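These notes open a run of structures that come right after.
Paired with chain B in one complex and with chain C in the other, chain A is shared by the two complexes that follow.
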Partner chain A sequence: MARVRLAPRSPKPQVAKPLATAPFIAPAVLVVVALMYLPFLYSVYISFTSYNGLGAPRWDGIANYVQLFHDPEMADAIRNTAVWVAGGVVVPVVLGLGLAVLTYGMRHGPWYRLPFLLPYAMSGAGIAVIWGFILQPGGAFGDILKLLGIPGSSTAWLSYWPDSTLAMVVASAWQATGVNCLLFVVGLQAVPVAVLEAAEIDGAKAFTKFVRVTLPLLRPMTIVVVGLAIVGTLKTFDIVWVMTQGGPGYTSTTLATAMYSQTFVANSYGYGAAIAVLLTVVTGLASATYLKQQVQVGAAKR
Partner chain B sequence: MNRLGWAGVLRRAVLIAAGLAWLVPIYLLVVNAVRPSAAFTGTNEWTLPSSFGLFENVATAEQASGLAGSLASTALYSIVSPALAVVIGALAGFGVSVLQPRRPFFWFMVAFGGAVFPAQMLLVPLFVAYAQLNLYNTPQGLVIVYTALSVPLAALVLRNFFGGVPPHLFQAAQIDGASLWTTFWRIYMPVAWSALVAVFILEFTFIWNDLLFGLTLASSNSVRPVMPALASLQSAYGGSTIPVVLAGGIVASLPPVVVFLAAQRFFARGLTLSQVAEA
Partner chain C sequence: MTRSNVTHTTRQKLAAVALSLVPGAIGLNAVATNTAQAAPATTIKLYNDKGAWDKYFAAVGNLAKKDIGVAVQPVGYTNEDTYDALIDASFRTHIKPNVFTWHTGAQLQEVVKQGDLASTSSIWKQGIADGDLTTGVEKYYTVDGRQYCVPLYVSYYVMYYNKDIFAKYHLAPPSTWAELLQVAKTLKQHGVTPFYATDVLFSFLWFEQLLVGSNPTLYNNLESGKASYLSPGVVAVMKEWRTLIDDGYFTNPAITTAPQVLLKTGAVAMEPWGTWFTGNMKLVDAPPSSYGMFVIPPENTHLAKVPMIFETGPICVPTGAPDMSADMKFLKWWTTPAPESYWASVTSDTGADPKAAAPSASIAAIDKYASGPKVQVVNRYYEATPAPILNTALSELGAFMVNPNSYMSDLKTIQATAAQYWSSHSAS
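Let's look at the complex of A and B:
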């Protein structure tokens, strides 16, 4: 127990003895170490072994990693993950930005935004169920195409690549647009009204104002939104697993679904772990590169 | 509406059209989940159902995939785990930012660092360890894993929150002779109420919507959470009709959507990190 002090002596007094502090910090540290750090390290180890869940893992060197580069399924997984990142960054971010700019400061703005927010709290599995139904051959999506006179009304969207992956990217954009819009609205709230008004007084056209004033001021929030989109889409699993299980064959698989099916369908734990390590490295590199580039661009502008 | 001018009218028209387009999938979901299974022809998905078959469809979904058991266990996981995680995270946040041990940032990073690992890195070891420890396909096993997954965010938010609490609050409690436990439970936890609720709701949503860990660590109808149950209902082998699958989708999706929309105002309040300084 710390002794009573009548006046603080130093700006950062160490207020409790280490033994008194430990019970507060220990539960969090123990839980996280036991269920996250140790599994993480064990996955790294398993990725260098051959292991099917029975018996003991057998040391296999870098064989799993060599296989990664010769496996046509991995080529598809990497290609599709790239499509997911590109589509997931462009479509919902641009739509979210557009909606935010259109509704910001408008009377009843939150009501106009509500339809876009409704899907946000839904699960990937729920989204997959709805869109799996809509995208059936001759389903609701086909009906809309027919109504608009666009060919493809009886296409089986999920049965062929690249339609399958593109259709799932659209389903995911339907979910993600609303929250991006909300984040951009928060970003716009940080833009001083005076700046926008000054641009208007100077006679800036709406588009010029958007490109020259609004976008640069939204930069900090754009960095956050795009960063979240990159990291989120790299790990795409739920929608793909429920809609196509990565199929037909493995044509619509992603890194995350390939990891799951190699591990728990094909029982190749070691190879699955190697895919997980690859996913970790890709996610880490993408985040680091992205942040570094953003910092450099930010510094160059100053 | 003359004041709006053409640009204002156009803007509203675009927003309303886009909003309606966004609601089409929800319309299709509701209309066809309500439609009696036998009345679904495969081409009448746009029309309103002539009679109300939602409950019947939910009952069929329950028979096909044990939805009721999944819902009950999911409710258990997504309430108990965030509650535990919020307390564990608050303890760590209090320990790190109020008690100021040696190297507080290091300990914080240990607790928070787990958040950066992709879930895929945890699956195989957890699956193997759970099988050996008899935690596979048990409710306690899922509560434990969801709690651990929820701790980093709780630690982050509560550390920042307690960091914004004026230190004289702690000093006053010490002068009054309160123990560290009393100070934590009676003074700091009540002050952090809105942050605790905000984190709880985010994690409730996350756990309710989880597919991956439920798929990996459970198998039976009564233990498996609701999203893996929905996935099995959806799979082609399930043999369920579309109204049944969609009814299952509605039942599984509704709780987090309702909770999230109802609790929106908490986020603005609870996640404003230094609001206590003004209180």
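Let's look at the complex of A and C:
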């Protein structure tokens, strides 16, 4: 199906004989195969073994996959990953869209957007360290609460679920909002002024204009932003690993942190690989389903 | 359609770049190897997971070049997980480090049983005869009667305390467990948090201290798979720990401020650390007169010897090392007083060699006491526990500190992992 849709619509280009092109394509194919496909296949193989990184892997059948369904750590990881996807898609996308719409066309608009964009220049690990300090008991956030006379200044935000995961979603949104806003601004630039003027002449108020005209025209950009957010949050790792290492206990772990700690901390390479395969399947299915649905809806509307 | 074209083009470009780099890299490698073989002075590569110490390793290397004609090129990593995976993987290849830093306990046993380490029995024999190595430490470098690696460093776990706070409330370093609790009580009454605790990574600190102080035999049995985490002795320790938490004796485990800052500023009065912590105190410019250290008195007053937790990091030579004679020569040299004294001075820690000069009087006192007859050294939980059990235990102990009433379910989870591990590894 997919192949059919991606086939070129323009007249068939003159392609040289396959034998002639092969030497040119081969190096690239070899590198991709050696660095991407083979490691992936090896991981899949390892996921069916018991292996501690030393000696040889021992074939273990589907034991690792069976364990996935009995492991309380995995239950926490799946729950938290779901929270991350929900929170990580909704918060930065809505905030980014709001910010873009409010500042677009405004005088000095870019200057209002700049502070939100700055965190994007930082690494996730750096963000995590800063937010770790802010959120620790008696940290900057606690100080602000104290100053305002709001109780909870000595709360350990990262010690209990769901506060811990929600706080980290906020930290991540702090970084992602700016770039989403930027993408939406690019989208807004593509909205034809004539259409907006026509809506105004028809008597549309600002809100109606936004919901009925701007938002539908932003659709291609929204698909991209949301799609990126889904994939990005499914593999959430850096912020969680630096801020809580998935703890206390496993309460804030995600699929990606569980994969890492099982593989490289517990030296359970087989089980870690099984989590990696699960994560790959989930990410692949989620992106494919989302894009397929969005593209079909878009095509139908057209 | 457009997107897929773009992706392909980018990929091809990347692939082309990557490919063009490969022959260059191979060429460089060949050149490097040739040069090393041609040079008269032997250079060995010292792989380590202590990347921040590369300049210290380099300085020791200069000393080695002068003393024994072996130059050292440190290859430092800063992420322990990456480093361990790299070393594990190198055992299956022909490209092995000359010498590398490693871990004692379960991780040492695993690689020895795999046949990946060259024995250092003769170095130990000579070292003990010369008084450069001790039998107390030898035990932790012995697997099935043979020795492997030599100590890069030895640290003893003691209680660091803020002297200003102790002086303010007229407190003296305690010599019994009851006195320690009395000190804690007094501090708490004056609004000072007595003890440092953290639920990230070092969540084992108080577990091991309470267990070792009450029953070191049980601790050792736990580490070798002969005892259960559900033993009454272990459960009692968790209950006691819970009481101390309920009494408000610990810092909030979620605090991320560095422990050396907390101790320096007096936000907490006491912290249990290895003697390497003196280096951390120096990093924050804490005046040496503002803090001290005392041996943590065991809770069990009937013990014949005072159990002291110690941490030792080995430096090892793999089987089939690139230059076995130079590599072993370096290891042997490392156990002598000159490099050990230098190492102790740069790390502000005890030297693994009893004859090494201590960097300060307080470190010298701890060193002397710990290698004396009144003390039984016990390997730190982090090294002594096999990786899968450790991973679960660190998480569960962290969860316990946040929710102290969950101790039984936490212990059950750890025991489940331990049972699974020991079912496929013979208890040693």
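In this text, the second predicted complex is superposed on the first by the 263 of 302 C-alpha atoms of A that agree within 3 Å, B and C clash if a C-alpha of one lies under 4 Å from a C-alpha of the other, contacts with A are read in each partner's own complex, and residues count from 1 in each chain.
FYI, a residue touches a chain if its C-beta (ideal position, glycine included) is under 8 Å from a C-beta of that chain, and two chains touch if they have at least 3 such contacts.
Just so you know, these numbers come straight off a predicted model, no measurement behind them.
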A:Q294 contacts which: chain B (first), chain C (second), both, neither? neither
I'd like to know which partner A:G138 touches here: chain B for first, chain C for second, both or neither. both
After superposition on the shared chain, which partner residues are touched by A:G249: those of chain B (first), chain C (second), both, or neither? second
Superposed model, chain A: greater residue contact from chain B or chain C: B
Once chain A of both complexes is superposed, is A:P115 in touch with chain B (first), chain C (second), both, or neither? first
Give one of first, second, both or neither to describe whether A:S153 is in contact with chain B, with chain C, with both, or with none. neither
In the overlay, answer first, second, both or neither for which of chain B and chain C A:V31 touches. both
Can A:W241 be said to touch chain B (first), chain C (second), both, or neither? first
In the overlaid three-chain picture, which partner chain does A:F264 touch, first (chain B) or second (chain C), both, or neither? both
Can A:G53 be said to touch chain B (first), chain C (second), both, or neither? both
Taking the stated contact definition, name every residue in chain A that is touched by chain B in one complex and by chain C in the other, in rising order. 6, 8, 25, 27-29, 31-32, 35, 53, 132-133, 138-139, 245, 260, 264
Can you check the complex and tell me which residues of chain C touch chain A? 1, 4, 11-12, 15-16, 18-19, 81-82, 84-85, 88-89, 91, 110-111, 114, 116, 199-201, 252-257, 387-388, 390-392, 395-396, 398-399, 401-403, 410, 413, 424
What does chain B use to touch chain A in their complex? 7, 11-12, 14-16, 18-20, 22-26, 28-29, 32, 42-43, 45-46, 88-89, 91-92, 94-96, 98-102, 107, 110-111, 113-114, 116-129, 144-145, 147-149, 151-152, 155, 167, 170-171, 174-175, 177, 179-180, 184, 205, 208-212, 215-216, 227-228, 230-231, 234-235, 242, 245-246, 248-249, 252-253, 256-257, 259-261
Could you please specify the touching residues of chain A with respect to chain B in the complex? 1-2, 4-6, 8, 12-16, 18, 20-25, 27-29, 31-40, 42-44, 46, 53, 99, 102-103, 106, 112, 114-126, 128-134, 138-140, 143, 174, 177, 206, 235, 237-238, 241-242, 245, 255-256, 259-260, 263-264, 269, 272-273, 275-277, 279-280, 283-284
How about chain A: which of its residues touch chain C in the complex? 6, 8-9, 25, 27-32, 35, 50, 52-55, 72, 132-133, 136-139, 154, 156-160, 244-251, 260-262, 264-268
